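To start, the structure under review is shown below, and the notes come after it.
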């Protein structure tokens, strides 16, 4: 993916460059996900050609975009060796809040987006301050804010519902419309993903996120502004969750309080499947987004292949395990091959 | 005469951690164009002093002076900004990032819009490595680097800062002669450019080779700051320890018994090839070689940490199943690993628990681990190894580097092995205790223990070994008996100049 | 050098007082006393025995979960194993099998489920979070495959009684009594035996544990198997207690279990925690929920309270420490002593 | 050997018929404490039902409240049941998430003279006094098929999009739908799949998508759940399937108005959820006051809904559902 091309483009000439190219390709975690996707889509299309129809492709991308957006934010947090379990609750809260906001008014879309992201930013800020300033374990804190935000959301909503009929059509258009045949939702996700990915990879401050996750003590000694970065990661994750909440409203129109309920684990699995190390320091937003795409595709494929409803979960779980196992086996292989070759070339 | 003020100085600085007073009333001045040595026993407070200079710790009392003016460092970033570069005692690398990124974290060469210029990054790293004379791939991740290579990356990181003050906390502890020589060359260049350097080492000969002045600490107190000219190593030891030192290499002559540890044709593809040797009861065999020659890898394979592709390990005539440290331990092998932070110790665990971890079975009373037995054993070893600590229930992480190393030794010696493999056993240990460790090893050997000692400290190898095996690029290059082992013969084999003599 | 004599027990005592699990225990006492005084229906043996019974499965599963988290692993599939066990129990019972045959079989199924988790984690070196998110979906899916939309009921009264009745003469329901016994056993293993030392070492520094000859993989594998077995058995209790075997039994319980374990002061990064803290955490969550319900506090507020509790329990020790540092009382060795807790 | 299903005797019998005598003329007691325990508190449909019930209770001077879990699981309902027993409510009104799981505590409640009314989704017969059924389950199931058959012209493939796989009421309706399909007049209709959207909007949406891809020639989707029908209608309305696939089922007029107006949905059904809560409240009061015991044939007065009679198995039926379409939808607002 983008990671690969960037490195190879910069690689020097000659033998070293060639070797580096091979190394980089072999080391690119994103590759095995792409391969898995290709296999999955290939098999499904062979069975049911309508899967790759324009409607089919559009649906897959539409379905994956919100999850991918959340995965991008989550990656920033996970890379710093933290976790944000509250994203699902934030999406629910924002989807409902912005639904209430637009209810019966013809609000400007930009205003709705700003409001949603602002709510997300506040949630992210709370998480970030607790984790970075008070140095409390991220998992506990965000599990706590998961419950708190969810509670607030449910308490506020208590059985109310936002109906598509009450949502301004301009907002609904955002959820289902497209430019040049590309729906807005995936477009937004891709723009965000590329922007975050490019920042993390190519800017000195972006690399610091990886440094913090890789070795927090060393990061402190290196004079990295750890608190600031972790705070940033959480705020970005919150803002993206807020954005996702508005997009949720735009896409689904009908919203009850528990939108995205339980999505925290879905997002985490997308990130992990995408090759982001849960202990930090490793992985890219591209991988995470691909992981989201893979998970969503598995879900769609099973329905399209007419798999018995009762078997769907079981097979989805199996495929998920298969994906991470194969990926792991491949990377073990590659490491071993690299060790032998490197030794022969002299370290 | 108006001499310029020292670039960096400390004035009556004190620092305590809980009940431990690590430093009290210490003053120090680092002048431009000078290499200043800091000496002291393990736990004397050297690293604490370094961390104060680096802005990691804030002094409880006293001041830090920069160019003669008081200056408060609020974090390591402040010190860096002020031109202070530090090589910490323990490597501080980011394992997931490339070596080049590790070196230039926060100071990457920039292209347009503040982006990182990767080509320049790689080129500059390569230039640094060339200057230090090492062949490391700038693009490889730091994970998996040997301790020595990690140390080299740390050195590259520090010198690349073009700092006015360079502080080096035991940079040579894991290095062998070649790298040390390179480091000294670079240090002298910096000195000539007017930098101030602070150098810490437990190898006294290094201090005498490169430094002009020395400051000695004992128990957190300043003993003296003086010119090295006219000082003898014994004087220095006297200041550090407060007493005369016994001989550093108290090698006892022993009668050799039967072979205890036999390694034959051991091969791990791409790492080492066809390694065969035996260690007899009562014998100390040293495994020498340059950094990266594969010595530690052999030790790991013998102990069952790594699997090997071919060959066999026998202990007392019984063949060992590979890949199981548990099996190796019950056969009577012990391994003091080279990386004490990752492999040797549970840093958050207490001293007593760390020592007891290898002997849980023998500490049992019924199904329950006896806390009293555990504590007794730990206290016993603490005394034998002169461990400096506050409470046995303290985390080992708060001990000084050398004292941590002693805990690792205690942990393994308490298993009462028949074959002991020690990888850099005295890394970071002060001269006083080093002599003690040597005496202990020698004594254990005399009692019939087979010892395989991996060491990059050539005098230690020559002083302690009955026999020296030299590795070069993953193969055994020479076997040198004690009386023929000299600096020249060992180095010749280690650098591959005596291939034909290989066993 | 002799140990520094001035460094004695004073700081240790002070750090002990603000230890996380102590705070949780204190909160538990406050809730209990406050509840008894302010809410007449709370401290009745009827209500308490119900509240305890209601906690049984979470409490039971929290025990192996504690061991796993201390060893720096996690098992998110527990609730799904519970559901799978419940579904299988229903399916077999419906097919005319005897309870006495089914239960041992379920234990085996639980062990296999745990074994799969353990093998994927130890042999392939995959992160357990990822593996058990996968098996969570897989096992829940198998539960649906086994039982579909059916709900099997009408289990024999004598067994149902075992799951709901109290130990004669006490307000303690049998499942909770089982928990008490297992908790004592687990506490003994974790805090007094070599195996416990090994688990702590694995969680704190896996590589060092491996170098010390600890069979890291084997122990982890065993912990996953135990987790599977206990979850499967909790499935039996759950089914009998509610008298209903369904594929969706225990849905979402994994987060409740983890919340209880974390509330009990176990560090998710491994190597730290006490079983006593976890027991207090489990009881605190359960009793507080019961109390809030009795007081007609809306379910949404209960969720908020649970969340705040988690945050407060981790925040308090840090704030106390920060305040103390600000007062320039030497910090003692907070990190050190909280990591080396004995039994 | 061992304890098997066949070796244990089944304890049959309806608790309601155990000796009590009904006095149809007993006055409604005052200051009754009624508690509504819905499947899940933040389900908009349940909220309408319960709020109407609470309002009705005010009419006869009872204190009513709604408590309940935020997830639709049986186990959390049981925690609430036990609390309600401790609080000594006079009547518990429950929409059971699992007919059997809630049985134990409900029996306990009944043994402590707490009246138990099931509504919306039944509990096991012996564990409640009466069940207020929104409409006869049979009627709902059969009429769903009839409506769909009319919409697709009696021919073609159809699918069902249900709530969770374990939802009792949905499953009962689906059984009747399948039975209805056996009739010869529906021979042209083929039920190809029952999918489950778990009453989760997003999942229902995605399931609809999948169904339409898997069966490109699908003619209709029946969603007997308010969440499912809205999600299905929404997907169809914004996809190329609009106008080709019929969506019907059970939905609230407010949710469906947009899709009826834009032509995605032509007909769907629902009873008035408010009346369901209203009737349940009155039934509870009648039980507590001794007007009824839950036996077949007893009658009680239910305010504006007039007199109601308890049918077979202690069921009281609210009435036939309303069919909504373009012509009448604007008359309803819930």
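Should a chain be cited, it is by its letter among A, B, C and D, assigned in written order, with residues numbered from 1 in that chain.
The rule is simple: a residue touches a chain if its C-beta (ideal position, glycine included) is under 8 Å from a C-beta of that chain, and two chains touch if they have at least 3 such contacts.
Chains and their UniProt names: A = Autoinducer 2 import system permease protein LsrC; B = Ribose import ATP-binding protein RbsA 1; C = Autoinducer 2 import system permease protein LsrD.
All values derive from a computational prediction rather than experimental measurement.
Asks: Compare the CA centroid of chain B with every other chain's and tell me the farthest one.
Replies: Farthest chain from chain B, going by C-alpha centroids: D.
Asks: Go ahead and note the Å separation of the Cα centroids belonging to chain A and chain D.
Replies: Centre separation, chain A to chain D: 38 Å.
Asks: Measure off the straight-line distance from the CA centroid of chain A to the CA centroid of chain B, and report it in whole Å.
Replies: So the centre of chain A lies 43 Å away from the centre of chain B.
Asks: So how far apart, in whole Å, are chain B and chain D when each is placed at the average of its C-alpha atoms?
Replies: Taking the mean C-alpha position of each chain, the two centres sit 74 Å apart.
Asks: Where in chain D do residues touch at least two different other chains?
Replies: 41-42, 70, 165 - these are the residues of chain D that touch more than one other chain.
Asks: Hey, what residues on chain B touch two or more of the other chains?
Replies: Not one residue of chain B touches more than one other chain, so the list is empty.
Asks: Which residues does chain A have that touch at least 2 chains other than itself?
Replies: Within chain A, the residues that touch at least two other chains are 154, 158, 277, 309-310.
Asks: Kindly provide every pair of chains that touch.
Replies: Listed in label order, the chain pairs in contact are A-B, A-C, A-D, B-C, C-D.
Asks: Quick check: in the complex, which residue numbers of chain C touch chain B?
Replies: Against chain B, chain C makes touches at 1, 3-4, 6-8, 11-12, 188, 192-194, 196-198, 200-201, 204-205, 207-215, 271-272, 330-333, 335-337, 339-340, 342.
Asks: Under the stated contact criterion, what part of chain A meets chain D in this complex?
Replies: 48, 50-51, 53, 55-56, 59, 63, 154, 157-161, 163-165, 172, 176, 248, 252-261, 299-300, 302-306, 309-310
Asks: Which positions of chain C touch chain A when the two form their complex?
Replies: Residues of chain C touching chain A: 76, 120, 124-127, 129-131, 133-142, 144-145, 148, 252, 255, 258-259, 262, 267-269, 298-311, 313-315, 318-319, 322.
Asks: If we count contacts the way the header does, which residues on chain C are in touch with chain D in the complex?
Replies: 41, 44, 46-47, 50, 54, 93-94, 96-101, 144, 148-149, 151, 153-154, 156-160, 164, 238, 242-244, 246-252, 289-290, 293-294, 296, 298-300, 303
Asks: Hey, which residues of chain B end up touching chain C in the complex?
Replies: 16-20, 43, 305, 325-326, 328-329, 335, 337, 342-350, 353, 356-358, 360-361, 363-364, 367-369, 371, 382, 386-395, 397-398, 411
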